[in-house]
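First chain written, first letter: the chains are A, B, C and D, and each begins at residue 1.
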């Protein structure tokens, strides 16, 4: 299969913090245009998977391929240039900068001003309530709005693959639903999406494919629909 | 650049450093060594380097003239200079290295704090100390093995005050500024009573911390007293330069004195020529004046080329200490520090200034002070002009 | 701490103290004294690093220790044992007060506040004429009985202090400090009195810094405010990093190497500062993890073939 | 009514403040971007000041009028200093990004090394200072050295330019993003290491410009950088590490204490007051006056 069909492929990566293993032999395959989710409990290693892919945490072993090319250990800024975009855990906005500046920085790698302006317009159509607050410092926004800003910022680099680290954590149910719709929207615009989630219910509802991570290992993978039907998942993750 | 490529030059540097460790150590047995504990880094380095250079100069001259003859045996002389960083702890380290490791019996130390540390060893172990500090606390009958090498405020002060009293008879008030360290405090403790005794009113005496970069507030405060005389005894040249420049900007007219001012050129570098004009100095050598000859001027010129300062009261001490030591050894006909200490008050030695003997009992209780002339100089258009040469009396 | 550790410490300590008898000439004795005192100060500095902070205020506490010894000996004529301890005790009390106020502040701010404190104390000490002002104090001698034994006395005091620091580090309290270093918010949420633990750590370190100061005073016999500027703490940090901060032995090794280097470099005269600076730069570039890191690397390299074999 | 002394003290505060601002801007920039405290910052200042005192007379001797000579000397000096800064970054600091302890020791070693080198190359004697803008200017009947007015003007311009470029240019915004969260910045495609280098070189250039500006009014010795360093640290920490407006505010804070304290209580007490006041401010605002929580 070519890199075009599998924009992001992760082969048996392992990572550790100060000698303590965090993830062990994790492999993922993202189909082009699909939404993939990795679900797991707190501390299962979900965030580490994202950080290894985007180069923030070094991998001890294994390979990450972006559009067929080996990008293991590449610094994040280089990956952004190659079409990857990340909504990090905890949003990580530039808190003492304005919304406009945050979005501009999202488009840092791009030099085509007209295209950037077009994308800004598109983003503001998606998030209409941000439109008149362009000069506001982002630390004045509510938690849900900040999450929207983080997604909007990630969209500004015109990515072909987007990773989201726990996008719904700590948000009110109504916002969680909006985020869910948003991920679908992004996917429909042709972006391949991977997001890790603790909230298995919403994750399995949105995603096409799903992986379950336990103690740093992938213990199950299937289509989201199939996984949602298994008894273990129902019991352990959906609380049914 | 890869790590490995980086490692090579770094390893090379490390090897060089290890090589550096092997330099130094004990000298040959027929050499009399004078240990020098001097500031060779930081702000005081200029004085330390100059003093070491002048010591080497004296040693070269003595060796050329045949060395030192002690009971038929001829010795060469040499100077060994280490960095005391102008601190007590640095002074202690240097003293241990000079006295205990290198086995040197005679030390010249500069700076009150390092001298205190050195003296506690030399007096206990029976070594000779040449004391290069402005203060009085480390000199006197309590320290039988400690000798002075230059004129300090105890000698300079009276000469300057006498000259000022004669020249500016209407002047009645003084303000003082000193650096807030051992040197500054000790000097102030000598100078202030001296002014008072001479009938002046000391309106204020201030201190500032070493490392101060801005002097405008201090200058403004100095100016606010409207004193007839502004006395800046211990200011290092750059600080003196800044204060003078700021005083000039404020339009302060009074008589300005740098009692320990050693070099007009060093102050002028910072003050500019006009701000220094008319300032009196107590420790500068009017080398171009009538008191000095071509031989001395040649040394001064060489010194200026070597380390950036002409000869001055401080660095001449390197020269004079060596001469004092040699004269003492020859007179005692012994290398024993006690014997030399006994002989020294009675010797005459070839000081840079000429042939001088010892005195100083009036100030210190014992004759440990070489009777060097004091030159009161005034800076006129960047040049030092001899205003008064005072021979320090031997009483 | 395991039983074996105690035995190793006892044996190692005795050997270290006994080894000081090998040095009988005055120069070697002076260097040995400096080395041991530097080890103690480095260990004290490192102890604060256990909570993730760099305390440049330590320089001032060394000064307090030294002045305590100076005042007790030359002005009050107290017995030697008391003179040894008064400085450290005062340093501890001051550090508790100072710590309660400033240990709420972290990282670079704490570090620079330490700078300011060291400078302010240094200037203040120079203003007090009873303790000699900027000239400092002279004639701080240990009893004559100790004359021939000073280096062994210093070694014994330092080894004992290091042992206590080591015990503390490997106690529950030490583990708590480690937790605070990792994340004091987490520690706080599980109900730990974080400030209390930090202040305790700081106080212990300051006691040891004060002890290093007392020893300095009795070894040098002369002290002055300028000896206790922030550069002193800078060098403590250098010792810790050169040796490797992960263990107490790293700090000890670093202090030993760097003090020996600095003692040797005196012979370079005017170039000594250049040399010492170059030594620091070269060391930190070649061994970012310090001597301990180097040892570890060598150990790993020696063991590497085995590991590869096992994998194959 | 404004008394003459009051006007004097205001002017002196501005004079001193502008000097500290020039020195602190680079320090705060380096801290913001690399999260390290640069102990060698003063060395760049000293190298630059020394080079200017060598180059200006040299160029003047070759027939250049003093102002062009000074500008040419400053340009050369800044270029040389930035090249040294590049070496320091590339072969040293790059390994210690965000490692406060490691970077502190490295820069401490470099500062000692450079102290020693400068002392052996240039000697310890104060270097004769070039007179660039001679004479005094009267402001509200108070005489001020013309060169001080130049330094003040330069400080205002440089600070303004820096502030503008940090808020309005792509590089400036990227540097602020790095200062705010370097990982998040990398996730936007901002090349952290390359921009850290650029930020460090800008800071180096600022130190060099400050050195060149100060050469005619400060002392010029190898040790001069260290003298400014301590007050530079205090200014930056009081204002809030990493904050450009904070550095300005901190510098003015220190300057006012130094001016007012120095005049009314005396210089030694003023120096101590600076340290005490810095501690007090940090107790009230643990991240400085304008630092972020």
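Throughout what follows, a residue touches a chain if its C-beta (ideal position, glycine included) is under 8 Å from a C-beta of that chain, and two chains touch if they have at least 3 such contacts.
From a predicted model like this one, the values you see are computed outputs, not experimental measurements.
Novice: Suppose you hop from chain B to any chain it touches, then on again the same way; how many hops at least until you reach chain C?
Specialist: So the least number of steps between the two chains is 1.
Novice: Which chain has its C-alpha centroid farthest away from the centroid of chain C?
Specialist: A
Novice: Give me the ID of the chain with the smallest distance between its Cα centroid and the all-protein Cα centroid.
Specialist: Chain D is the most central one.
Novice: Measure off the straight-line distance from the CA centroid of chain B to the CA centroid of chain D, and report it in whole Å.
Specialist: That gives a centre separation of 34 Å.
Novice: Using the average of all C-alpha atoms in each chain as its centre, how far is it in Å between chain A and chain B?
Specialist: 72
Novice: Starting from the mean Cα coordinates of chain A and chain C, work out the distance between those two points in Å.
Specialist: Their C-alpha centroids are separated by 48 Å.
Novice: Two-or-more-chain contact residues of chain A, please, as numbers and ranges.
Specialist: Not one residue in chain A touches at least two other chains.
Novice: Mark out which residues of chain D touch at least two other chains, giving numbers and ranges.
Specialist: 91, 115-116, 119, 230, 268, 271-272 - these are the residues of chain D that touch more than one other chain.
Novice: Please output the residue numbers of chain B that touch at least 2 other chains, ranges allowed.
Specialist: 6, 41-42, 45, 49, 180, 209
Novice: Please classify the inter-chain touch graph. Allowed labels: line, ring, star, complete, other.
Specialist: other
Novice: Who touches whom among the chains?
Specialist: Those chain pairs which touch are A-D, B-C, B-D, C-D.
Novice: Going by the contact rule set out above, which residues of chain D touch chain A in the complex?
Specialist: The touching residues are 170, 173-174, 176-177, 180-181, 183-193, 292.
Novice: Give the list of chain B residues in touch with chain D in this complex.
Specialist: Contacts found on chain B: 1, 6, 41-46, 49, 180, 206-209, 211-218, 220-221, 224, 237-239, 241-242, 245, 249-251, 265-266, 268-270, 272, 307-309.
Novice: For the complex, give me every residue of chain A touching chain D.
Specialist: So the residues of chain A touching chain D come out as 54-56, 75-77, 80-81, 85-86, 88, 92-97, 101, 104-106, 108-109, 153, 157.
Novice: Quick one: in the complex, what on chain B touches chain C?
Specialist: 6-7, 10-11, 13-14, 17, 20-21, 23-25, 40-42, 45, 48-49, 52, 81-83, 86-89, 91-94, 96-97, 99-101, 112-113, 116-117, 119-120, 125, 135, 137, 180-182, 184-186, 209
Novice: Taking the touch rule as given, give the residues of chain D at its contact with chain B in the complex, in rising order.
Specialist: Residue positions touching the partner: 5, 8-9, 12, 15-16, 19, 90-91, 115-116, 119, 123-129, 131, 136, 143-145, 217-221, 223-224, 226-228, 230-231, 255, 258-264, 266-268, 270-272.
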